[in-house]
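First the structure, then my questions, so here it is.
First chain written, first letter: the chains are A, B and C, and each begins at residue 1.
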Amino acid sequence: MNSGPEKTTVGLFVTCLVDLMRPSVGFAAVKLMEDAGCVVEVPAAQTCCGQPAFNSGDRGNARVIAMQVIAAFEAYDHVVAPSGSCAGMLKLHYPELLADDPGWSARAEAFAAKVHELTSFLVDVLGVQAVSADYGETVTYHDSCSGLRELGVRDQPRLLLDSVEGLSLTEMENADVCCGFGGLFCVKYSDISNAIVAKKTDKIAATGATTLLAGDLGCLMNMAGKLSREGRTVAVRHVAEVLAGMADETPIGGERKAKG
Amino acid sequence: MGVEITSPNFKANAREALDDNSLQKALGLTVEKGFIKKRRLAADALPEFEALRDAARDIKNHTLDHLDLYIEAFEKKVVENGGHVHFAEDAAAARQIALDICRKAGARTVTKGKSMITEEVGLNDFLQENGIVPIETDLGEYIIQLRGEHPSHIIAPAIHVNKAQVEAEFRRVHTALPPDRDLREPESLLAEARGILRDRFLAADVGVTGANFCVAETGTTIIVTNEGNGDLTQTLPRVHVVFASIEKIVPTLEDASQILRVLARSATGQDMSVYTTFSTGPKRPEDPDGPEEFHVILLDNGRSALLGTPFQEMLRCIRCGACMNHCPVYQAIGGHAYGWVYPGPIGSVLTPAVIGIEQSMHLPSASTFCGRCEGVCPMRIPLPKLMRLWRDKAHDEKVVPTAQRFGLGLWVLLARRPKLYHLAMSVGMPLLAAFAGSRGRFRSLPFAGGWTRHRDLPAPQGRTFQQQWRARRFGR
Amino acid sequence: MNGRDAVLGKIRQALGAGADKAARQAAVDQRLATAPRGVIPARGQLPDADRIAFFIEMAEKYNASVARAATADQVPAAIAEFLRAHNLPPNLRRGDDPRLAALPFDKTPNIEITTGASDGSDPVGLSHALAGVAESGTLVLTSGGDNPTTLNFLPDTHIVLVSASDIHGDYETAWDQIRGQFGKGALPRSVNWVTGPSRSADIEQTLLLGAHGPRRLHIIVVG
């Protein structure tokens, strides 16, 4: 399958977690989209999508952040985030937040129409069917909630993973069940979150997979943190890193090798 | 008066539930392996299931928009059929109406079918205080009544109780039976309860049931059960009292049939529950059985205030329990931790509406917004959205704890100023990465106890993406 | 203010109901008058023989046992056989339904039959259903002297006859039949949909039959 139209410009909404915690995911996203023929840019005027405010009932600040993001990204053909959760925020909740604002509602709708989660953008918009990468491990894939239920991301990452040389996917039981992250939930209701993620790591371990993949860094950090606390040796990575052939990076929460 | 509220202690309740091994085992077995699978099989087996969900939603939306008129139509029909409709603004009024009916009937014992509304108004305690003995007849409700508890699930009230606990309770209470009887098997427990309750059914003066629906077209109340206890409750005593909240109204028998098609499938995975009973008025002159009096108590208790607001959608709820079955939080802690009558996502939306957000702020807050509840709700209630609306209210009314407001405020301050944000992070992240060293993760970190109590915190890689991106771009 | 006015007043106020009263009332009256059908599952919309077969399949799925009798004359023998096979006492209680009264029990003399409502002491109840619904294997029973409601719930075993010609694909057709019999907007005191014998899973989710109602439901499709 050929790549999308030439000179499609993409504004990468890198997400705060990728920006701060795991930049390699951002570079993997850029590579995947550039390989598919896109011109990728990263507006400097981005911070966070505003979910912490929105989900804490602080609509006022969530609205201001939404306007800031829309203004920074609306000139691009597409806006792509390596996260179902943040993409869902931009795509579904920005229009909801700004629905009553006559100056912004139409802008928010137009902006939302251009927003995509990374793997869904590659497959559904660009028509990518395969990537050129190899990863000789058995992986299991966790469906993050927002991507799955708000944006319908399920088959796209699996389709692309299927094309990775040497990779075999073993599905875990309840792959579509929440990992217990939930943003601030995991620190506010730490004990409950722990009970949920402990069930998840059991399911992950039961697959015998050596690598856990998902499309949202929040969920990945939560599961990686629990796996490592439990002394399990499963490597945890964002799916984009494997698809981009950039899996030489130390896994999330993994011990660092000395690097030059 | 009414059910004790422990919602403010949600966190402590949850911790207790997490440590309760018997509860944890029951939740895993019943909810995660039972209800969820059964619902999926039933939904998958009916190609029209999704279309029925749409139809059910539309019927309720139409009804709620015309609720005053449908209630009047319902009332007219009940009266035409020789029954009575009583309106109760709040729990106290509903209890009093029920007590007056019981007193007038000279009632000493009252049998009860399963009814969450009577839980909501605290009917049992009230009757008891007034010298009338209420007897729960749903097996699960009977068990928890003996134990002095409240339901922990709206369709499986005793989900938290194991077989040995049931046996212990029966031995404690059924003292007239031989102490050496064998109660090891669930069959023998059921047979014992059946025998004891059969006598109660036949002796009761008044039978109280809930209503799954009230049909305006015919003045009919509908109950849905699997045991048949609701039918014995309403057929054998001289007086039948139906407790229904105002949103239970549906226009026609056809409308009820549409919604019934999604109710049992969503609840237990049955195509239809065993007994769906349509009751219309008291016994007719030619009837050989049935109650001589038929009363419907229509309860508001805060619901009318939801009409015309975004929370109106909540009033579509048909109490199937699918949202709690599919909720990772409910699956972790069960129903009692929520601290009032309705647990799970539906409780997290309904409870603040009735007892106030000040007391119940934890409920809508304790959600990961995973959206599974909305995905399975037969009435397509946007539960996460409504929970978020309660968070908005809690934020606006400043019932959010100071530390949380401060932390969030600091984050927002930065998030709204990209230059400052990038500057701060480009200094902070490399430092944090260096602090973690080669381990690549933190086992504990100041101000991150909520995270590191149960899991490690993966360390940042080092320089931020923005830093590296700008550097590369300038380099090109 | 009384409770009625208070509750209805609050509802009207919340809904902003006022000036458009006539239009709202018209919408309500129309729905009540026309009772529009919604989505009808295709699974029950079958030719006669297939529909009856599907009814039986669904009833058996929910633990009812089902027998067929080509004519009413064969019913007593079918009942006798069922009672024998399950080692049940040959004492039946039934209502005044003429279709039950006309059954030729003279050929099965050991079966003792009493009539009227049950007081809980009858081992076996015999009823005639108004209809069956194939989509879920559901019986539709109506109260009255013909078929007292207590017979549906008190006896340990419930035997229900249903005419093959009354087995419909969906609930809506059963409502049509009831309206044809009782009139629009009117119902007998009790309409009972019964889908299998009584059950409970309240003790550790172990499915047990015969919680409060009948342990056994035996359906005889007549015709």
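Here, a contact is a pair of C-beta atoms (placed from the backbone, for glycine too) under 8 Å apart; a residue touches a chain by one contact, two chains touch by 3 or more.
Worth saying up front: this structure is predicted, and the values here are computed from it rather than measured.
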Exercise. List every chain that touches both subunit A and subunit B.
Key: none
Quiz item: Among the chains in this structure, which pair is joined by the largest number of C-beta pairs in contact?
Solution: B-C
Exercise. Farthest from subunit B by Cα centre, which chain is it? Let me know.
Key: A
Quiz item: If you average the C-alpha positions per chain, which one ends up nearest the average over all of them?
Solution: B
Quiz item: Between subunit A and subunit B, what's the gap in Å when you average each chain's C-alpha atoms?
Solution: 33
Quiz item: Between subunit B and subunit C, what's the gap in Å when you average each chain's C-alpha atoms?
Solution: 29
Exercise. Quick one: report the Å distance separating subunit A from subunit C, using the average Cα coordinate of each chain.
Key: 53
Quiz item: In the complex of these two chains, what residues of subunit C are touching subunit B?
Solution: 2-4, 6-8, 10-12, 14-17, 24-25, 27-28, 31-32, 35-43, 58, 61-62, 95, 116-120, 135-138, 143-145, 148-150, 152-154, 170-172, 175, 185-206, 208, 210-214
Quiz prompt | subunit B residues touching subunit C - in the complex, by the definition given at the top | solution = 26, 29-30, 34, 46-48, 51-52, 55, 59, 62, 65-73, 77, 85-89, 93, 97, 137-140, 143, 156-159, 162-163, 166, 186-187, 189-190, 194, 197-198, 201-202, 216-218, 220, 226-229, 231-232, 235-236, 246, 251-255, 257-258, 260-261, 268, 270-284, 286-290, 298, 300, 304-309
Quiz item: Which residues of subunit B touch subunit A in the complex?
Solution: 11, 14-15, 18, 328-329, 331-333, 365-372, 374-375, 388, 390-396, 400, 404, 408, 411-412, 414-418, 421-422, 425, 429, 437-441, 443, 448, 450-466, 468-470
Self-check item: subunit B partner contacts - residues on subunit A that touch it in the complex
Solution: 14, 16, 18-24, 26-27, 42, 44-48, 50, 52-59, 61, 64-65, 68, 145-146, 149-150, 176-178, 180-197, 221-222, 224-226, 228-229, 249-250, 252-258
